[in-house]
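We call the chains A, B, C and D, going by the order they appear; numbering starts again at 1 in every chain.
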């Protein structure tokens, strides 16, 4: 990206981290060995994601995904995989609740210390709250993750 | 009653200033509008909300990703929250928007009647229903073999509760569809009792609240009914929008009514799947501007408060019944114990149409005819009545004008 | 083109002053509204007509005997005359008002589909229909054993006329229900030819004119079609009102759709009889204010004239196709010979949703998604496209803004 | 009617002649001997009328009716009976056409000399044009008459 300055009006929502993870996701792969998997589907916009989870004792060891969708949803899936790895299921669920709140409102009054650092990593996605119909792009991978943790096969956008 | 000492009293002169149309004159005489039960006038807040949308924030909603669409979606969907709060619904997804009450009842007759009720089951209505709560069930009967039963009305214009219960006895009634307030008699039906009896016999209950919600606080959880319908234009809102509230599990069991944009989850030629409730029942571009107007109407009504509205109306009704009782040859139809601000009457020697026209020439607007309730008219051996009905802007002086006008009509025909 | 020498040219700057919303800014940038195919903005004349009704002349209509009701009835019913004139219908009684196009098609699927078509007959749609012209026929198929056929679309996005005719060959098709203009491809279908071929095979024809009537003069007698539907909010009118036009003898053969007030002739519990067309199909309190607004929209459009509108749009479309063709990696969906001002496209490397959001941040409103036409998207192996669409207020400069905006988006994602 | 002056605002539509014929119709009777009869029905407002016709050679000899309805419809039926008696069928039809026009618009631009005098007699009913929904009250008896002349049994309001 060479013309950084001339894209200010676009970059407040599509920050570099989103573009980067959208374009070159690190975790966009089906896991060969996994404990659980689930799909997420937003029929309204055609976004589709599948998430694989491998546990490591009590924590989430690895997460991989395959996504078809916009930059926001791919980046969100990738940042999700990155932040939940190494966390307990309980922490992951708490993080999702906080993230969902942030995606919807732009702020997260209920966020506590337990998730604060991880949430900071996800903060670039908070701009979607201005576009209620795109909040689902950001949360769909999380719905699929929670479905996988629950042992459900399918999640759909809220 | 001293307004200063009663916090729930309604300042009718202030309210009247909120309704621009009330300043109109008819044939040089001030407009006395006593036809609110047919459709209410609109306060400035409703007009402004619709104008504001059209001038500053309008686009088609749902799935538009641009600013105008996102903001208009928020405005429209906030009406669903307002309606849910107004009715004390459990959940905003229980609120389905339709074109009017008629559309809501037809939706139910179709989706619940054909989709959930089984051949051999019955629908029970009452003898004081509006055509909109008769004809859809008749069409269901004729097309789908659902029996139609009618609970009779007493001479006083109340629901005959013993007969009502007897009609439920055999357990065949799957749905009771009954008015919460008669648009002809003013009768308020005993909603809680109706629900209790119906549920005890395994029947669900839908109330036609087209009139009731204008006059009484409706709490669907306290009533414990299953469906409740009403229409925006009678609650000081715009035309073109109505409401069906239903318990979520029931709505979820019902197949959709109309097909099209917005109500689907996915479409292929082989098979389509439906969106979640309430969207499953809302096909095509919704009444966006009307939803925005309705939100303003609800906010307006909530600011005044149902306690104040009901007290004002009770006072008007009492005054009107007393004044009309003093007019020789005038007969009021219906003497229910529990009644709202709708009064039907006839005059000896003058046909209801002539009464209405002659009142109109004095600037007084009442309705005359069968009020879309022919079977009720026949029950009382009538073809038509004149009807005066009150809104939050109606004054005691207007009721005096009506009484004086009727005395003149009587003398004119003497 | 010199405006002074061309009497049919459209003075876009003057028109823009009639639309208050166009003065809005989005994130500090002037609003470039290219989403008119989803719903058009409203001119001052429409806003004023609705405000004027609410402020000076409003009551429920039909059978009200007082001044307000009589005058409001006249205003509402004059819309029927205006619609009949707009479409060159034979007779005002052929105009049925519904809530939107979706409501009109569902009415037809119900009343003609279940009431006139017989089991074993087929309905023929095309591969470029809006969900509103797919799902109602699918529901008819699944509930009533009417076959659903689909005429394919060519790679250029036109109707495959040979295949269309072949699907009619066996004489089973009772109704062709087909778009007059695609809301995705912009394709205008060859309506006269469609009617000629369908009639030759004994099928009636309904056009979904939701898009077409915004861009082209529709003359139902010249087309010789049997039904034609459209929706008020796309023709610069309010939401909450749509139109079904049908040949009178066909409407008369159709049973009613919804039951209730206003659509009856008489009601007893045993049997009800129906009002004459069009009222038979209009149950409940109509969209009164919306009808009044729609009349103002039609008058507004007629004053500008379809010749001027079509010429303006052709010029915009030509300019847009040329500008978009110059953007590397941009693909336009549909290359029909006869097309209106609706253009769908995709950008390599950028998802349509991202395109729409990034345009929005530049003040440019376009739509992205499947445009309620999933089967058409699948036909072209797509999930979604971005779509720009034009109205009478769209300028060449706005199209340049779109093109420049898209170039920025492409660079941003490069 | 003693207080004539105080009823001016009512009397411009309900002129004395309408009140009089509405209250004491002269022709409100079933004919014992008749050549034709027909009913008219306005289900919208419950007005109902039956008309009997007895011909006298080429002209309408006598007309009787029974009506249930408002003062306007009864008066209109009575004035109709009065004005068509002694006229040819052709004249009666022409008179109806002119009357209908007058009831709808308040004026009758197409009225010619042939019906002018009869129309004058019907003129008090022209005020109904202000109430489009009541025009039918005035024209319903005429619809029944024309149906009787046509040999049809039933007429309904337009």
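Just so we're on the same page, a residue touches a chain if its C-beta (ideal position, glycine included) is under 8 Å from a C-beta of that chain, and two chains touch if they have at least 3 such contacts.
In this text the structure is predicted, and so the values were computed from the model without any measurement.
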item	value
Contact-graph separation of chain A and chain C, given in steps at minimum	1
Relative to chain C, chain with the most remote C-alpha centre	D
Whole-Å separation of chain centres (CA-atom averages), chain B against chain C	31
Chain A and chain B, separation of their C-alpha mean positions in angstrom	46
Cα-centroid distance, chain B relative to chain D, in whole angstrom	38
Shared interface positions of chain D, touching two or more other chains	44-45, 131, 134
Multi-chain contact residues (two or more partners), chain C	27, 63-65, 69, 266, 353, 357, 360, 369
Chain B partner contacts - residues on chain C that touch it in the complex	20-21, 24, 26-27, 31, 33, 35, 38-39, 41-42, 46-47, 50-51, 54-60, 63-69, 99-103, 105-106, 109, 130-136, 138-139, 148, 150, 231, 233, 238-242, 256, 258-264, 266-269, 271-272, 283-290, 353, 356-357, 359-360, 364-369, 372, 374-375, 378
Sites on chain A touched by chain B in the complex	43-45, 130-134
Complex contact set, residues of chain B against chain A	62-65, 69-70, 73-74, 265-266, 273
Complex contact set, residues of chain B against chain D	27, 350-354, 357-358, 360-362, 369-370, 383-384, 408-409, 411-414
Chain C partner contacts - residues on chain A that touch it in the complex	1, 3, 6-7, 9-10, 12-14, 19, 23, 44-46, 68-72, 131, 134, 137
